[in-house]
Every structure is written in structure tokens, then in C-alpha cells.
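Input: structures, listed below.
Both complexes below contain subunit A, partnered by subunit B and then by subunit C.
Right after this comes the complex of A and B.
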């Protein structure tokens, strides 16, 4: 068991290292410089580049960056908000994105689970068909299209809800973005729950329990729902990471001051440190989530850690 | 179906206990299962229609997709007998009904989807955009086939150290969120279809390789492969002539699964402003242009979104159907 965890941990660390390296090299290849203000003379630009240490060789800068990273210093912003540490910029924006992402995940999961189980219990009936239609549409339509439709009808035509995010009124103004993001989650969870519950219901142990004369409700709550939840939770964790990245466009549409919005403005402004840090943050969340899942699975299911053959 | 023999159980009721089916190969049986469901057929027909429209659509109205006519900018949709070309504009003092066709005195001019702010025909543009999406879908399929299938099959068949090493690479590359890498890559490369396809090449093959590898692992020690090996068949022969035909169904399913995400990637990137350059025409660009003035002229946004949604729904329906028809685990 310890060996298994150690192996997974090493793999995650190597992955994170590769990610930093790739991000750094990509930024290196990127055209343009962060100091492209026309008012700057060539000498001033040189001085800026020297002041920030951008004239040193790539490898030297990479290891400097790595060393600083271990100290918790991710550098400063070059031009979005000059000389503000990147961490400070992220710290104020991350909670907003997290709150919207987690709300969308919860909302989508609850509805998705309900639809999925209903469909599984009534296979081939109206609920099942509804589940199929909902999941196909939810998976097919990108979340930003729901966001556009909601902002047009709900915000502009009928004026039910605020068109843009308002930090003085965060709850009401995040209803539309949360709904738009939650539809895809709902679709994936509904589909997955249905398939999982159907295969559990077909399994031998459920058939055995039924043959023992257990009532339908005991069967559902003690056997089917409990046994189909575990894989669904795995999918939910992965979806959260997808939500954080997927909110890039949705945050733009509703002008939400979150990290997705920050990333897209940093990309257009060539703000190297912000882009690397955010990319690293996204990747880091993903890697850590996978590590936790792998370890949990290793504990629950010995087959996983001994290597399936 | 023939009944080989019957048991007579009390009187009239006959209990058939053994059936023999005419032998369908796995592949043919899968295709039969696929066509047995209406939603699959619907998806396939829709997909074929869209493919045909992507070929002939841009030429139907007679206006080129890049043909500008500034006098006829912002015309609302007009279809004989259905839409009059009228649109209601939301002004500060209520709604006003405007018909630009009558204002310009155009009797026999019909733009089924209207025109954009430069007077380009949106019908031609939408289907030209669809063409770009289809192109990207084809590229994604090709990448799956060429890189994903080969990588996975070779890794699975070689086994041992080589497999471990190759899987370590997939593991690490797979943990990098592809959207982050693709976004940065688009900044480095010159925007365009080529750049999107290159980005797909770096990130799109991994899922396919994992599936191909599992399938090879499942089959490589079965009797028919061992028989071929005993008869002296080489590695390449076993992989591509013995194993590959048996996993075609699963591979086709995976190709169909990866196509919607490739189409989504283009529209997403174009919407953020990273995909195709300004002035080019794709569904993503049309959506982002339509979004810019959708509060005033919502008709510009509507058709391209509908086409995108139809395309995604069709692909997903077909993919689902294939998965059910070929996946031995859920097959009924």
C-alpha cells in the first residue's frame, strides 16, 4: 500500500514538473513581449527587461522560477496590474470562480442524480426517454451557448435577472452563470448514474437480495443507490476541474471577475507570470484531484493497487 | 430463427429451449443492433444531411460566403411565404418594426438567414462554417486513427518495459489539462485551421491510445492469436490482420466520441478570440460575431448556433448508438 501511494505521489510530482517546464517553454516561444507600450523607448524597454531578469538564459530563468515557486513566490504581474504579486491577484478572484463552479457542480449533480435514478428505475418509460433527451442535449450543447441564451432571454428580453455579474449582489447575479454551467454537469451525471444503476440492478447480488424477499425500497436504498454512487463521485471530481476551465467563456459573457476572466485577459496582454501561474493552478488542481482519487481507489479496491491483470 | 427441438409441457404450451441464429459476424451483428434503434437512425440521417449541406450549402443562394455588399448590411432573414424580412428593433422608446427589403426596394431578393454587418449572406457563411467544422472533425478522426490507434496497439502488444514507459508518457501528458495547453499553443502558432489541427494532434490521441491498448491486451493472448503466432506470423501481421479487425467496432465508436470535442474546441477557441483569424469563416467565428451584436440583431446568432447544436447532437447520437451496438459489456 505504501509503495503504491509513493509511486502515485512521485508520478504526480514528475507531472507537475513537466507541466511547469512545458508552460515555461511555451511562453518562451510566444511572440511579442510584455512591454509593448508604444511610449517606451528602446532603452527603457531594455531596462525593464533587465530589471525583471528577462535577459538571462531560458534555463537559468526556469530554475530561478522553480526556486521561487518553492518559496511560494510566483512572480509579479508585468502589465495587467503592474508589480502586484500574481498570488494576490489570484487570491481575490479564485473564491468567486470556486463558488460559482461548486454551486454549478452541486446543482447539476443533485438534478442529474435524481433524473438518472428515476430513469434507471423506470427503464424504457417516459422518465428514461426524458433522461436520454436531456443528456444528449446537455452533452451536445456547449455551456457558453446556454450562457448566451440565458443572458439574452433572462437578462435582456424579459429582464428577470441582472445581465452582468454584480459584486454587490453576488447571489442573484450568479444564478444565470451557475445554471448555464450546471446543465452539462447534469447531463453527464444523469447519463452516468443511469448506466451505473442499470448495471447494478442487473447484477447477481441484487438479484440474490430480491430472491430473499427484500422489499423494493430496501433494495433501492441499501443496494442500488449505494453501490452506484461511488463511480458517480469519481466523475463529479473530474467535472469540477472541467468546470473551472470551462468557465473561461461563461465568465466573459457575464463579466464575472474570476480566474477564467483573468486568464483570458492575461493571455491577450502577454502577462507571462499570470498565465504560467494560472495554467499551473489548473493543472495542479487536476493532478491533486487525480492523486486523491487514485489513493482512495487503492484503499477501497485492492485490485487497483496490485495492478489489474 | 429455427427451433431445433421442443419440449412439450402439458398440452398446448410449447417451450422452446434451443435456438440457432444465422451466424452474423460481430461487426455485422453490431450494425444490425445499431439500426434497430430509431434514435441512432435519426442521428445518422441528420449527420448525412449536414455533411451534404456542408458541400452544397455555400453555393445554394448564389452569394459567395465572403462576398460583401455594404448597401445590404444587416438585412433580416427573408424566405418567400415564411419570413417577410421584418425585424423589430428595441429602441429607447419602445419597439420599431423595420423592413430593410422594402426600404431598399428589393422585390425579389431573399436572404434566408439574413446578412451580417458587412452585407455578407449568412446562409452561405453558416454552411461554409459547417464545412470548416467537418474538416476539423475529419482531422480529429485521422489523428485518432494514425497516432492513437498505433500508439495504443503497439504499447499493448509489446508489453513489459516498453509498455510501462509508453504508458508513463500518456499518464503524464494526460494529466495536463488540454485546454490550458491548447490555449497557449494557439498563442504561439499562427491562428488558423492548421494550428487547431496541430493542437489536436498533441492532445487528441491519448484517449484513443488508452482504448486501443486495453482492447489489444484483451485479445493478444486469445487462442486465434496464439494460433497465428504458432504458425509463424510476424508481430505486424498479428496486430493489423488478426487483432485490428476484431476491435474495429470499438475504435469506430471512440472516433465518433472524439469528434464532438474537436468541433467544440474550434468554436470555443474562436469564441475566446484564439481560433481562426478575423475575416475567416467558421461556426465559432460566426457565433462570436453574432454574439457581439446579438442584443440588436439576434437573427445573426440563431442559425449558426442551431447548426452547431444539430451537428453536435447528430455526432453524439451516432456515437451513443455505436457504443451500445459494439460495446460487449452493455450489449443486450
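Right after this comes the complex of A and C.
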């Protein structure tokens, strides 16, 4: 098991290195520079570029950046918040995005798992069909539609909940964005859970277990649910990453000061260090999620763990 | 020679259909079957002939879309006890007292019949504790004894392993151990060796036969392999399109087959002398979305009479133990001899059997 984790860890580090390199090269291809203010003269602009070291060849900058990264220095913002370290900018915003993303994932997963298993156990009956109609709607309608609908009815028409995010009252003002984001999660999880549980219930080992006269609860928990969970967990991890990166529009609708909002402004402003750091952060979250997932696989499915020997 | 052993299981006029995608498939069309204590009965037929369905009905594990139209399955759990109709009994009672407890089943593919995420030990213990309130320790010891009994060495270490760490033959031994965990009196083996290598098949059959003798089990084999039948069975029931078309002792069916379908099956057994061309029965079995008119086998039967296409043949009694459903046995039918190649083969089987006894 330890060797298995170590191998996955090494693979993750290599992946991150490659991602930073690609990010650097892509930024190089982007038109414009961080200093696009019309009031700046050409000389002033040249001076700024030299001052920040942007006149050096791209590979030199890459390795300089990499070296600084190891020291924990991710550079400063060039124009969004001049000379503020990028890490400081992210540090205040990340917890907000994460809290909302994780809440949405938890809420969506719990409801999705319940709906999925419910549908699977009543396969072909009314409950199943209803669950699947709900999940198709949830998957096909983008989350910002729900966000707009929620903020119109819940926040404006009936005034149940605050219309915008309020850092003095983060829990109540998060309810609407979390709900809006969790609907897609719920739908995807419900769909996967149902299909997986249905195929597990048809499997030979469940048939054999039934022929042994095992109790329904043993069948349910030790056979059906446990064996259905693997693919569902994979989807959950992918969704978590999607929630952190993709809550961009929802963050804008509810005016949430999170990292999705920061990323979109940084890209339009060519704020290199902010974009690269956020790109690195997203990749990092993804890689860590994958790593956790691989370890979870090993715990849930003995075949993965022992296959490495 | 009348068999006087007590009847353990008696299937009477069983009739089952399945609903799927708006169609009704009439899979079992009046099956009758008798199993006596300590004996072995084989159900033989092509895939889809209804062998497994009949036995799943007895265990109460038919799929949701199955409907039992009529019939009864009388089962006598203990010697001398009153028989119970398994089709009318309370499902919860069946789960507690019959399934896995009194009737156990071994499935075809050992690669997929064990739970991949539970250790062998946990699966054995779960099976034991499903029917008996014993401590984990007692169940653990019993599980180890069972593993040793089915020929698994180092049971203590093996208990902690997962199914994927075992070969197919080993897994089938484990499946058998689980099936026997609560001392059933009837064991149903659904194609127990089909998914295994030929050499392993022998070992598994030997194991089942020896366990049967040791524990006094009554056994039903569901198989399409007449080689298996010849080795283990006392009685044979040949199924075709949801009916039993020939039934008899193994001697009756192998040495004096009456139904042209049985002739086909016997001719299709591969042997060392069959050379390059292996006989196969032409055509495919009927799809039972509507009941066949006449004998279901008639379209594939080179010996079919005119009446075979009009009216379903009844069971003709040949001897106390032997019956077959073919119009060829009617007194008005022309005398039809079995194909010569088959006669030669039967002669050879007789000689081999004589050698074997000697």
C-alpha cells in the first residue's frame, strides 16, 4: 500500500511540473501585456517590463519562477492590486469558494445518492422514472439558470434570503448559491448511483448472496451499496474540482468574492502571476483529488491495492 | 426396479412466464420433476430451455418480471416431514428456513459469484450467521472447517484473502463451501463446471460427489453437458422449450433414448473418434413469445410426423422409470430406428461402461 501511494505521489508531482510549464508557454502566446494603461508612455511601459523582469527569455523566467515557487513566492499582482503578493490575494478568497463548493458537493451527493439508490431499488417503477426525469433536468440545465431563478424568487420576489453574498452573514447568504450549485451534482450522482446499483443488483454475486438467504440489510450494505460506490466516488471528485473552478458565473450572480471571480478578472487584465498561480492551484486541487481518489480505491476495492504487489 | 426413497422435491405442472419489453415469454410450460432423498437428478437442455428458471423458482429468487401462472413445488425439508409448497409459502419464511438453509445453490461462474469487496472469510461467516445465531468466533471456526472440507489448504490465511486472489477452481470450491455452510439437505448445481478448465472440472465434480456421499445430500444438476450427467446423475430430465421431453434413469436415457432431440444431444457429445465433424442439431430453439403449435422440436426434427406440427405430444410411458414426449412412441406411428452413428455410439458407451465396472 505504501509503495502504491508513493508511486501515485511521484506521478502527481511530475504532472504539476508539466502543468506549470504549459501554463507559462500559453501565457507567452497571449496577446498584450499586463501594462495596457493608455496613460503609460512607451518608455514607462518598457521600464515596467524591465523592472518585473519580463524582458528575459521565457525559459529563464520559467526557471526563476519555479525557484521562487519552491520558496513559497508566487509573485505579485501587476495590475489588479498592484504589488500585492498573489498568495495574499488568494488566501482571503479561496476559503469562501471552497466552503461553497464543498457544501454544494456534500448536499448534492447526499441527496443524489439517496435518489439514485431509491430509483435503483424501484427500478422501472414510478419512483425510478420520476428520479430519472429530475436528474435529466438537473444535468441539462446549467447551474446559473438555477442561480438566477433562485435569486429572483428567493431573494427578490419573496425576500426569503439575502440576494447577495454577505461576509457578515456567510451561512445564510450561502444557502442560495450552494443550492444552485448542488442541483447539477445531485443529478449526476443520482444518475451514476442508479445505473451502478442496478448493474450490481443484477450481478452473479448478488444472485448467489440471495440464494444464501442473507438478510436484506446485509445484501444492501455489504453487497449493493459498497460495490456501487467506486464509480460514484470518482465522479464526486471530478465534480469537486468542477465546483471550485466552475462556480465562476454563480460567484458573479451572488457577488461572492471567491477565486472564480478573481480568475476571470486576471485573465482579461493579463495579470500573469495571478493566472499562473490560480491555474497551478486548480491543477493542484485536481491532482490532490485524484491522489485521494486512488488511495480511496485502494481502501474500497482490494483488487486495486493488491494488484500493485 | 421401483425407487422407494422418500421424495424430497416434487415439481408439478410448473408454468412460468416472463414479461419483458411489452412481450410475454412463456418460458416454463408445464414441468414435472421428482427428486428422491440422497439421489441425483440432472436437468439437461440448451440455453434458454428453462433449466435454471425451474430451480430459481424453487429458491424464490426469480427475477421481478417473472410470473408463476400455475403449478406447485412440494419440498420436504426433513425426512418424514409434511411437504411444503414453496410457491405458496411466505417469502420471508423461505428466506429464513429454506434459502441457503435447507436448499443451497452453486452457480455457473465462480469468477463472478463471489463479492469482490469482501474477504472469503467474511462471506462464509455472513452465510453462516444468516441462519444461525452463533458468535463470530464459532462462525469463524466453522468457516475454516468448511474451507478445509472443500480442499483449500491453509484456511486460516485464505480466510483473509479476497476472491480475486484465487483461481477459478478454488473459487468454485469456496462457492461450494458457502453453499454447504448451513448443512442444506438439497444442493442445486447450476452448470457448476461450465466456466472451468477441463482438468479442474473433474476435480470439482469429484468434490461434489464426495460431499454428497459424506453428507447424504440430494443434488440437482443443471447442465448442458451430457458428460457431466453420465458421471454424476441417477436420473436425467431432458428439457426443450420449457418442457421436459424425456425423463428416465441414466441407463434409460443414455442407452435407450426415445426422443429425437435426445438423439441429437447424444450425437453431439464430442469424443475422440468424432474427428473433424462434430454433429450439431440444425436450427435454433423457438422463441417462446408465443406457444409453439404442435411439438416445439418439430421444425428441427428430421423424423417429425405430420401430427408433430399440429398437436403437442403427451408423455408416453416406456417403462416404470422412462417416459418421452414424442409422437414416434404412439402405436399408430411408423417405426423409426435411431441413426446408425448414434447406435454405434451407444454400443461404445455400453462397452466402456462395462470396462469401467470391471
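Quick note on the criterion: the second predicted complex is superposed on the first by the 278 of 309 C-alpha atoms of A that agree within 3 Å, B and C clash if a C-alpha of one lies under 4 Å from a C-alpha of the other, contacts with A are read in each partner's own complex, and residues count from 1 in each chain.
Keep this in mind: contacts are C-beta pairs under 8 Å (C-beta built on N, C-alpha and C of every residue); 3 or more make two chains touch, one makes a residue touch a chain.
Here the structure is a predicted model, which is why all the values come from computation and not from measurement.
Undergrad: Based on the superposed arrangement, let me know which partner A:145 touches: subunit B (first), subunit C (second), both, or neither?
TA: first
Undergrad: Is A:218 contacted by the first partner subunit B, the second partner subunit C, both or neither?
TA: second
Undergrad: Classify the contacts of A:106 with the two partner chains as first (subunit B alone), second (subunit C alone), both, or neither.
TA: A:106 sits against neither subunit B nor subunit C.
Undergrad: Would you sort A:114 into first (subunit B), second (subunit C), both or neither based on which partner it touches?
TA: A:114: touches no partner chain.
Undergrad: Please work out whether A:208 is in contact with subunit B alone, subunit C alone, both, or neither, and reply first, second, both or neither.
TA: second
Undergrad: Quick one: is A:18 in contact with subunit B, with subunit C, with both, or with neither? Answer first, second, both or neither.
TA: Touch status of A:18: first partner only.
Undergrad: Going by the touch definition up top, name the partner, subunit B or subunit C, that contacts more of subunit A.
TA: B
Undergrad: Under the stated touch criterion, which partner chain does A:130 make contact with: subunit B (first), subunit C (second), both, or neither?
TA: neither
Undergrad: Enumerate the residues of subunit A that count as touching subunit B in its complex and touching subunit C in the other.
TA: None.
Undergrad: Which residues of subunit C touch subunit A in the complex?
TA: Listed in rising order, the residues of subunit C that touch subunit A are 59, 61, 64, 95-96, 98-101, 104-105, 107-109, 112-118, 122, 126-127, 130-131, 162, 164-165, 175, 178-179, 181.
Undergrad: So in the complex, which bits of subunit B are touching subunit A?
TA: 39, 168, 171-172, 175-177, 179-181, 183-185, 187-188, 260, 264, 267-268, 271-274, 287, 291, 294-295, 298, 301, 305, 308-309, 312-313, 315-317, 320, 330
Undergrad: Within the complex, which stretch of subunit A touches subunit C?
TA: Of all residues in subunit A, those touching subunit C are 123-124, 203-205, 207-215, 218, 222-223, 226-227, 300-303, 306.
Undergrad: Enumerate the contact residues on subunit A facing subunit B in the complex.
TA: Per the touch definition, subunit A meets subunit B at residues 11-12, 14-15, 18-19, 22-23, 26-27, 29-31, 132, 136-137, 139-142, 144-145, 148, 152, 156, 195, 199, 241, 245-246, 248-249, 252-253, 263-264, 267-268, 275, 279, 282-283, 286-287, 290.
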